[in-house]
Structure formats: structure tokens, C-alpha cells
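Labels A, B, C, D, E and F are assigned to the chains in the order they are written; within every chain, residues are numbered from 1.
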Amino acid sequence: MPLIIKDEYPEVLFREDGKRLDGREKNELRPIKMEVGVIKNADGSAYLEWGDNKIFAAVYGPREVHPHHLAKPDRGILRVFYRMATFSVFDRKRPAPGRREKEISMIISDCIEPILFLELYPGTSFEVFIEVINADGGTRCASTTVAALALADAGIPMKSLVSAVAVGKIDGKIVVDLSGIEDKAGEADLPCAITWYNKEISLLQFDGDMDLNEMSEFLDLAKDALGRIHQIQLEVLKSKFLTIQEKSDEIIVNKENQGES
Amino acid sequence: MPLIIKDEYPEVLFREDGKRLDGREKNELRPIKMEVGVIKNADGSAYLEWGDNKIFAAVYGPREVHPHHLAKPDRGILRVFYRMATFSVFDRKRPAPGRREKEISMIISDCIEPILFLELYPGTSFEVFIEVINADGGTRCASTTVAALALADAGIPMKSLVSAVAVGKIDGKIVVDLSGIEDKAGEADLPCAITWYNKEISLLQFDGDMDLNEMSEFLDLAKDALGRIHQIQLEVLKSKFLTIQEKSDEIIVNKENQGES
Amino acid sequence: MPLIIKDEYPEVLFREDGKRLDGREKNELRPIKMEVGVIKNADGSAYLEWGDNKIFAAVYGPREVHPHHLAKPDRGILRVFYRMATFSVFDRKRPAPGRREKEISMIISDCIEPILFLELYPGTSFEVFIEVINADGGTRCASTTVAALALADAGIPMKSLVSAVAVGKIDGKIVVDLSGIEDKAGEADLPCAITWYNKEISLLQFDGDMDLNEMSEFLDLAKDALGRIHQIQLEVLKSKFLTIQEKSDEIIVNKENQGES
Amino acid sequence: MMDVKRVISKIEKNYIINNLRKQERIDGRGLWDYRKFKIQSDIISSAEGSADVSLGETRIITGLKYEVGEPFPDLPNEGVCTVMAELLPLASPLFERGPPDEQSIELARVVDRGIRHADCVQTKKLCIKENEAVYILFVDMYVINYDGNLIDAGGISALTTLISAHIPEGKIENGNLEWTGKYFTGESIVNELPIVITYGKIGDIVFLDPNLPEELVCDGRISISVTEDKITSIQKSGAATFSIDELKMLGDKSLEIGKKLRKDLNLWQYKAKYK
Amino acid sequence: MMDVKRVISKIEKNYIINNLRKQERIDGRGLWDYRKFKIQSDIISSAEGSADVSLGETRIITGLKYEVGEPFPDLPNEGVCTVMAELLPLASPLFERGPPDEQSIELARVVDRGIRHADCVQTKKLCIKENEAVYILFVDMYVINYDGNLIDAGGISALTTLISAHIPEGKIENGNLEWTGKYFTGESIVNELPIVITYGKIGDIVFLDPNLPEELVCDGRISISVTEDKITSIQKSGAATFSIDELKMLGDKSLEIGKKLRKDLNLWQYKAKYK
Amino acid sequence: MMDVKRVISKIEKNYIINNLRKQERIDGRGLWDYRKFKIQSDIISSAEGSADVSLGETRIITGLKYEVGEPFPDLPNEGVCTVMAELLPLASPLFERGPPDEQSIELARVVDRGIRHADCVQTKKLCIKENEAVYILFVDMYVINYDGNLIDAGGISALTTLISAHIPEGKIENGNLEWTGKYFTGESIVNELPIVITYGKIGDIVFLDPNLPEELVCDGRISISVTEDKITSIQKSGAATFSIDELKMLGDKSLEIGKKLRKDLNLWQYKAKYK
């Protein structure tokens, strides 16, 4: 006997003023905030808020492979574990990882692998742990984006960052960055990612329906949005290195002061 | 709330003309068809239709043992995995292997082991995979019979074939090769197998009740039926080797033709 | 639809004559019987009846560690597996070990470890298996007590024995050795154990409420009861060694007799 | 991608790639050719629908079973159709025993999404009584031999199985579920026929229907499901990346190939004869 | 058979076999002798029936629990009786922790089939109200010490447990299940007493009740369940084969041994005193 | 205790111990000082209550979800509150993937018992209709960074989560469960605030709130839950032993520290604003 408070979908997804229910324009992203170095124990980590998504990513590696037989003599391996907290969704998720989580883990791993130089790390592994503590649509894209940042935070050599976003169709109109409600009530959903070193699509899924023209439109819209997400990632990293720079400056200053005293 | 279409049992198992419901005499087998080499990836394979049973068997080995600690320094090991497809029975079977499948795997393994020369293959394993995709009574016997054929197809040295059949009692009468419906509605069921190199019983189970006279009758009837099944197995293998023979002949002929050209 | 025979709790836990429902005084233990050497295959074993608790303990070790990676180069490891039979409680327990069993295993292991010289056994393991076949309150304490006896029976060097008992509060009064019914209907439960080599508390849990005075009273009462339990353990071991002594005497006598004949 | 790439030697890998560069494939096909499909339906008497589909030497046997259960509270008049896949160790030395791994989850999920999102299965037809009783369909795929491209073989296998469906028709009579004596068939359940089409990519070469050696050496794959004139589902897998132009080209190709395949296979011929 | 044959040395193996050839056994028994049975019943106060059975040094403690549940739709007036076995690692260094392995499944299944097929448990007596409520009995066997031939010890243990049963009698009163205050006992549930008898085979020598060293070196075993005058269940295990004449001889032997054991053990003495 | 003690070198271990002997700690605290608590509440919009609690660098995020179910037959008018803990491998190289291990079971159980036995959660308030419908609360803790003493951080995290609860109020209307449109909040569920306080012991030195290096080298720990004037729960873990005098001293200390912490943290400030 479930309590009758439904995770209900609205009948229309646009307001009378033509804006989306959360006030956004069609090609407008939800607010995005990222931070690196949030998990002290990890080799690299990042935290992201994207709309109501709240996601941690932590990277451990290169390190010994467990279990041993998974190690490859000629290259490192990448393992991504995407998980959702039980309370991150409307109906409590069961604690054990489900098929969906395994599938998304694989999707993200496939998306990130091209940016790494795994051939430089034979016999080792990189583990990327992603924990969604609040989900609001587009978690696989948000997770990919924050995972790339955690890898960069770990100082692992990368060809480039990767950025991800979902475009979709709601009430017949093509929009960028579907919110949770738009995802569920909408007609089509195309999560995708770009690896910036070659500007190619590295994650691509689609469910819904589109003709070839719409497909073009989807991809063009995504590319534009991905550029903006990339900028945010770069700024977070830049400010991290500035901070580090400032700290080293301080140290130098302090030393000089000590020298003087 | 299950839909009321029952897997119902008839009240009598003989027709007015004294024949069984599917028209067979008491000592008549259901139609049997076998084929070898049906699974290209396997070292040996076979497919069998026996009444409405449809069963694949594939053999891999001798090969490295996984996990390693199961390997035996003085002999090879045999592992049989009997499985039923979810849709092979009236009520959908759960996908994970159950106790019944594990028990039957062991029964078949114990039955087949005597015909092999495992002591010639120290440190290795033979795996026999059996998949029942349509079940209609007597699957353990049919599986044993088709597994023997797959082993022969793999070219593994064997003392002899092994053949299996179930005899049983229905409406008080002793019959051979119980169909699915006879198995469920009957009073006794005696699956058994003979290893032909020593003409001894290598698989034997029984559920029901029988006195000593009936036991004799069961075993004699089984022996006769097993002889006929053995013949079918031999013919399938013979025709395989004839085919191979013909093909080599062709090759020789072609070569000769080439030689001439 | 459960059958309405409840595992009901009485409203009062003392009789009119001031005694507890099973006739005991407040500081009186239930009857305790112990025996060693009851499981022939084990390196050491013991059986205990304590009220209606019936518990077996068996010790295997020092032996090779399975799986290998758990072994420690500088010391032996101790592993305790506390389990309850399905029929040991009012509502059938599920066969697979649950969280409660894992927690109690850890508690007992932590309690026993101090009495062992694990540093003398690098690379090996001691396994203590405990099986509760009838449970009646205080099984973790009874299990600890019988496990200590099984370790002694195995001839493993020990600093001392360890003894355990639960004290508690029922109907506002502090009593020793809670029975099953007192445990469930009572207000507080403090299982504890003493390692005799240093007379310190090695197992301690508490649920209920107590002020500091009550805490003192609990611990003092426990200490007194633990002394009595220790005596019983020692007597069981003494009688074992007497028995062995007698047997060797017999052998000597027999040999002498043979010499004479 | 699978963890078995190492089983292919470097020499063989170079051989495959060099041929592909010349637009040649080791089995003689052109870049945009499918291997041969072989389809049989209604082969399992204990199932309420079934198919035996081969794509070259890849072979998948699929069966349909049903249960009657309560609908989800938020979809009170819709049944459910689930897809499961087992990569039987019988089918390849590359498959291991044990719980479903990533590859079998991927196969099941991609086929499932192809069916779920393309208006293929009419889940509202699977309702016996609103809020009370709906059909739950299980489309279970068993891989019998593995020679690459399980997804396209699985897609056709699942579709054929659904088309061949013949499910006892139940109704609620005085609170009890009873059989009317009739069946309802794939014809009334299945609407659209979404075809899933998979391409491999090695370096910058893209090609249709990878066979096993190609699958083992390729950088990645992309599977595109299409109806008559729409793309309904996409899944990229493996470490390949695709340029936007490539994707547009593949969208176009898929509609064209889908059209041809839909005609050639003529899947409606497999509909059940039960009434 | 178990995977532990290697623990027995070749020397010991030859010693056992050579003795058997001379019709001698390492523990002094003849080929057709049982070790001593020791039986106690109703030893577990929290169980609705129990037994502690030793056969030589092999010891099994069994308890009965019940639940009330709905009957299977096709057997609306029959209860259910299930058998489970645990080979506790406490009982032998040969037993490992973890989910049930082949040997424990075999023990449970052979004992279960012995009970199920011989008109032993009267499942119709386990019905409280047709279509609504039946008893589900759980006969759970725990191996406490393992010295060979678990099956025969388990069979006697399960029978004694069922005979000692005392289950609260429920009835449906206004749609609720209530306790009548009475018990129904093993006497009313158990009809036939099928005895399961196990033989080992080494080379061409067959012998009764293998102890542990014999079990570890033998080629295989056969277990035969008998009532007064019928064979009700057979299970061959291990890689031994039996000639048809041997089987007929063993059938005969089993009826004879079963008759004697039934008399010697007099299991009905263990019936519950509850009312 | 954890199986990872070996990760700390002997030198480091001696350094920690020698400092403790001098009543000094590696992070500069005194023996009876807590690290700094940082608390945020209601941070998860999809949860019906949540908290983000740091104790030094140890950080735990906790969320509350609910379901509506039937009560246990013997407690027909009481809801249920369960506690789960996950030691995410994201939080430390010492944590492994897989099902809950001993350490996470201990964390969940100790926090759960602290809540359950101290008249903290008013389970009778969680009843919607006697015998029919009660709330089942899930308090799920996720460890985000691990720097020692998970239990005290978890305890505060669980309490804050419960205090911040805002659960839709249901009522039974004509046999259906419906939402009244109102919420009931932590204020009406939570009564007592039991504070759990953990000490480490090395040799004969006892100290409050072990950080990770201390936890890795210590012999054992003891956790004591206290209300204003009572001890409500104790759990000793690890191979340390405690003298009776030490225990009495720690009981006294805990009441004192609990009082201070309760005042400093002022947890009621985190109560939900929903109505």
C-alpha cells in the first residue's frame, strides 16, 4: 500500500512565457558548480552540483590491480563504479548495485578511456568511484563531467578533458540539459559527451524518436552546450592551480620572512 | 493471482486401444533425433530432440582449470553443468541455477566419468555444458545421451558411449521412456544409464515403489531400450565420420584434379 | 497469516515469593553443564547446556589460512563463526548467516583474542565454529564461555580462560544471567566477559539505561557470577585431564599385567 | 568491450585492419554488408512464443513466458515486458559461468530499450483489469553460438519471438482470473518493428555487423535502432569516438539498411496461428 | 563424490581395499554390518520436533519448524514438507563455509525424496483450510561430526524428528487463524517409515554403511530406500557402475536389512507425548 | 578491528604511542578532546531528511527515506526505523567494494542500538492505522571520507537526519492510504538525543575520538551512548580489555562529555521547517 504522493509529471513542460518550468530558455543549462580535492583520502576527487544533482567522484590509481588476474601486461585498466545513494531518488533505491548502475558504469568507462594514456601504465589499474547523493536527471552526463575533473585533480596525464550533457525533446521542442522532470515526461533523451582532444563524441545514447534533421539539431545543440561546460571545468582547474600557486608563494614569502628575522 | 490454465494431468494414461496417450506401445521410445558439431565454438557438441525435449550439449577440454585450486595433479577433472532455459518448462524457471540443476549436473557427471580416461589428463579439466531449451520428461537421461555424443564429437578418447533412458510405471503398467505427462502423473520413475564398455549401470535413480520382481522387469526393459538408443548414437557418429571421409575424399579428388589440370 | 501462538512476554518477571519466574534468586545462575572433546574431528571441542541454551564449539588450528591473502606474516589470525540453527529459536531463522550472527562473531572474536598468543603462529589461522542448536537468552555469553573451553581442549597455549555472563535489569531489579524471557521483557541487558589473566573486561555491550551507581552494581554482580562460571570451566578441564591420567594409568597397568602374564 | 582482446594476436589484428583499410573484410563481405540471417519461429512448445535466429555463425534462441501480476501503481493499465540475456558458456570459451556480466547486461538493455521506446510492444494491450491484473512478459535470450554482433541477432530474435507470441487470454470473473479459452497473439501486441543495426569502428573505419575477430580488435561499436523513418535508440560502446559527421552519416545509413532488412526478413510471416 | 580423495594416502587406500577383498573392514565389521545407531529425540525445546542421531561417530542433529502459508494452487488441500541439510565446518576439516555445496544438496535431496515418495508424510493432514492455509514443515539437518554415510544417519534423523513432532493445531475462525490449544503429533502425520540404506563400492566389492576412510577411497555409492516390502527410492552417486545382477542382489539385501533395522530401532518409541 | 593495521609502520606506531604516554596526540589534541564537528542538514532534496556531518576529516552523509508497510504482528501500532551504513570505496583505500563487511555492520548496529534503546525515535508516532499501516524509516549513512571514529560521526549524522525529517502525513480513508497534504517532522518523532562517544585504548592509555592513525594502531575501542543522565548503550570492540575501574571512569566521563557536546552542537536547530 504505497502512500499516494506520486512522483507526478506535469501535463505541459513549458510555461506560458515560453520558458521551461524551471525558468530556463531552451538552450540554457541548469546552474553548475564544481570543486576539486574534496575527498582527502583519494588521489584525486571532485564534487559537482548541477541543478539538483549532487555527485562525488574519487580517483584511486595507478595502483595494484585487485583481483590480480584482471591486470593486463601491456596496459593499465580503467574501472568506473557509478553508484546512487538509496536516498538520491524519489523511491528508495535498493542498496545493492543494480543493472542500471552497472550499465552506466560501463558507458562512462567507455567514454573516459580514450582521454587516458593507459598504455603507459602496464599492470596497474585506475578506479573511478562515483556516488550520486541527489539525482535530478542527467546523472550519467554529470557523473562523466565530474569524473573527468577528478582525474585531472589526481594529476593523471590526459589528452584532454571530456564534457557531457543530455539534449532532448520535450513537448515537441528540442532543449538542452533535461531536468529530472523533463527527462521522465519528455519524448526523447540524447546524452552525449565530447573528448576535446579530437572533438569527437565519446558517449552517445538515445531513446525516443528523431528523424535525420532532428538528429543534426540535437548534435549541434549539444556541441554548443558542451563548450560551455568545458569552460566551467577549465576554470575550476585553473583556480585550483592558482590556489596552489598562491600557497607556494606564501611559503616562499614565509621563508623569506624567516630569512629576514 | 495465477491464470487458471493448469499444467493438468489426465486421469488415465492409456487410450482405449491400449496404447499410451501419445500413441506409443509400452516399450516404444519417443522419436529421437541427434546431430553432432552444431556449436562451432565448442571442441565438441551435439543437439538432440527426444519427444519434445530439445537439448544442446557442448564440450570444452582438455583445458586449463579455472579456478586453479580445483586442478588435480594426478588426473583431469570432469565438470558437468546441466541447465534449463527459463522457457523450457510450463512455469517460467528462475534464471539462476537451482538445487535440482546442481543435483542433476552431479548425477550426469558421476554417470559419464567412468567412460573417460581422466588419469591421462593431469592438471586439466573437461567441461560439459548442457542446455535444455524445451523439456518434456526424462531430461536427465536425454542430457546424458547427448553429452556422450558431444564428448565423442570432441574426439576425446572414451572407453565406450553411455546411453540413458527412464522406465516407469503408469496406471500400474511398466513402460519405457516416460513422457512429461507420464512422468508427472505416473507412479514410479527409474532413470538409468549403461556404460557400454562394461555393460553396467552408471546412472540410477528411482522414485515410486516397486517390489523385487518389478525391479527386475524395470531393469530388463531399460536394457533393451538402451540398446536401441545406443544404435541411434552410433549411427549419428558413423554418418559424421562418413561425411568427414567424403570431404577428405573430395579434397583428395580435388587435389588429383588440380594435379591433372 | 501467522498462527496466533505468540512468543508472549509475561507482565511480571518475579513471583510472589520474590523469586524469578524460573525460581531463581536474583544472583543465581541457571544450571550449567559443560563437556569437552565432543566432536572427534575437531582439534578441540566443547558442548554446553546453560538453562535451555545448547551450544557446540569446535576449534581447528593452527592451520593454513584460506583464502591465502588473509594470512599475516607476523602473527596468526583468529576467526570466529557464531551461527544459530534454524530451529534454535521460536520463529525459524533463515539458513543463511545474518548481520546479527556476523556482529556476534566479531564480538566474541574480539573477546577471545587477548587470551591467545597469536604472535607465536605467523601465517596460520585458528577457526572457532560455534553452533547454537537451542537458544534461551545470553547465547553470546554462553558461546564465549564454551569457545574458551574448546580452545583449551585443543591444547592451544592460552594466558587464561575467559568467562562470560549477562547481567540485567528486570522489573526494575538487577539480576544475573538473564533467561530468554527476561532478556526480551526486561529493561536492560549487559553481557560481559572477563579474561582471567588480567581480570579485565574483554566483552562488553549494553542496551537499556543505567546511571553510574547501577553501572557499578552491574559490574560487581557480573564479576561475582563470572567467578562461579570460571570454576565450572576449570572443573570440566580438570576432570578431562584426570580422565586422560586414568587412561594412561590403565595402559601402564595393562602393560604391567602383560609383563606379568 | 570485452576483456579478451588479448586472445587475438597482433599479426591477426593488423591483418584485419589492413584489409578493412582496403574496404575488404576477412569473410569477404563489403563494409556495409550483413552476414546471412536465418530465422525459425515457434520452436519451443513450452514457451508462449520463440525464435531461433542465426546471423552468420552467431545464434540466439529466445523464448517468451508470461506471468500475471499487479500493475505498477503509476501505470495501472499497462503490462510489463522485460528482456533478459544469457551468454551461455556453452556458446564460447570467452563466456564464463556466473551472474550476468557487463556484456550480457548490455545485450539485454540495448534490445530492451529498442523495444520499449519505439512503440513496439503495446503494453496497454497487456492489461487484464485496471489496477488489478496485467501480463508480465519475459523475453529471455540464450546465446547458443557466439561469432560477434549479439545485439543485432538478439534484436531480431526478440522481435520474432514477440511476433510469434500466443498468450492465453484471461479475464476477471467474480474476482477470479479465468481463461477465456482464446489466445491473443503477437499481432495484437506488437506495433512498430524497430530494427537494431550495429557498426564496428577501427581507427577511422566504420563497418556494419562486426564478426567475432572484428569485434575483438575494434575500438568500439555503435548500435542504432530504427523504425521506417525514425531513429529510436542509440548506444555507443567501447573506447571508440565518433565525429559528428560520422554520426549523421550512420543515421542515414541505418534508415536505409533498416528499410532493406525489414523487407528482406519480412518478420510478420512469423506471426502465430493460434486463435 | 567429494574432492578430498587425495587426503587419503595411497598406502591407506590399498590397505582398506585389500582388507575388503578379504571381507574385512578396518573397523572390524563384516561387509553387511551397520555401525551402532544412537538415537535421542525431542532434545530441542525451541523446535516442534527434533532428533540427535549418531551412526558410529557420524552425528546429525535435526529439528522441525513450521510456518503457515497458502497451499500451491494445484494442491489446495496439501501442506508441504521440505528438507534442508548443512554440513557444518564445525563437523569436519573437509567441510567449508559458504552456500550449500553438492554434497549437502545430495544429502537433503536423497532424504527428502525418501520421505516424499514413500507415503511417509501425510501432506493432506497438514491442511488447515483448503485453498487458504496449510502447514509448511521444515526438517533441517545439521551435521555435527562427519565420519561417513551421512545419508543413512540423516534418514533416521529426519524420520525420528517427524515422529517426535508436536505442532500447535490451528483453525480458521472468522477468517483468522487461531490456536485450538491442542497439538497434532508425528503419529498423525507419519505413515510409512522408509529406511534409506547406503552401500559403498570399491572395484567389484560392495559393502554396507561406508565409514569415512571407506567413503574417501570408494568408487561410488548407492542408497536404496525401502518400506516393509517395497523399494521406494534409489540414488547412485560417484563414478562406480553396478551390474544388473548386483542391483537385484542389493534390492533384496535392502529389504532384509531394512526389516531388521526397523525392528531394532523401533522408531515409534520416539513419538511425542504432547496432546 | 580492521585488517589494515599493517599499513601503519612500526615507527609511526611507536611515535603515536609514545606521544600518548605523554598525554599528547599527533594532531595536537588533549586526551579528552573531540575534533571539530561540522554539521549541515536538509541537503538532499530527494530525501525526507538528511545531514552532512564532518568530524575532523571524517565525513558522513546520511539520508532518510520512508515506505509504508504492515506492522509486525506483535507490535501492531509501531513503525520501524532501520539504520544502514556503507563504507564507500570512494572514501578510503582501506574500503573495498562488495557486500557489507564487519566494520559497516558494526557502524550500523551501534548507531541503530543507540537510537533504538534510548527512547529516541517514537515508533508509536510512526503508526498510520493500527494493524494496517505504519511508516518504515530508512536511515542510510554513506561514508564520504574516512579519518577514524565513524561511530561518533555516524551517530550525530543519524540524529541530525531524524531531527530534520519531514515525512508526508498519510491517513487511511475508505481503506485507501491518502496524503493529508501535511508533514510530520523530526520534532514529533524524536524524543531523547542519545550521544554516542567513542574512546580508543592503547596499552593502558584511553583517549577520546581516535583519528585514523590512532584507530589503526590502537588495541581496541569502546563506544558509550548517553542521554542527559543515563548510559543507554555500550559496545566494546577490538582486542583491548578494560578494568572495571576504567569502565566506571569512562561512564562518568561520557555523561560529562555528552552534556557538553549536546549543548555545543544544539542539534534541535536542524529541525525541519515543513508543516
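Here are some notes:
Simple rule for what comes next: a contact is a pair of C-beta atoms (placed from the backbone, for glycine too) under 8 Å apart; a residue touches a chain by one contact, two chains touch by 3 or more.
Computed from a predicted structure; not experimentally measured.
Both chain A and chain C are touched by F.
Think of each touching pair as a link: the shortest run of links from chain B to chain F has 3 of them. Among the other chains, B has the CA centre that is most remote from the centre of chain F.
Superposing chain E on chain F by their CA atoms means rotating through 120 degrees, a value rounded to the nearest 5. When you average the Cα atoms of each chain and compare centres, the chain farthest from chain C turns out to be D.
Here the CA centre of chain B is 53 Å from the CA centre of chain C.
Distance from the chain B centre to the chain D centre is 31 Å, each centre being the mean of its Cα atoms. Chain centres here are Cα averages; for chain D and chain E they lie 48 Å apart. Chain A has residues 2 in contact with two or more other chains. Ring order of the chains (start at chain B, first neighbour chain D): B, D, A, F, C, E. Across the interface of their complex, chain D is touched by residues 1-5, 39-42, 45, 52, 54, 56-58, 60, 63, 66, 81, 83, 85-90, 92, 95-96, 127, 129-131, 133-136 of chain B.
Only residues 2, 6-7, 70, 72, 74, 99, 102-103, 106-107, 110, 113-114, 190, 195, 198-212, 215-216, 219-220, 223 of chain A touch chain D when the two sit together in their complex. Taken together, the chain F residues at the contact with chain C in this complex read 1, 3, 6, 73-74, 100, 102, 105-106, 108-109, 113, 116-118, 220, 222, 227, 229-244, 247-248, 251-252, 255. Residue ranges on chain F touching chain A, taken from their complex, read 43-47, 50, 57, 61, 63-69, 84, 86, 88-93, 96-97, 99, 132-133, 138, 140, 142, 144-147, 168, 170, 176-179.
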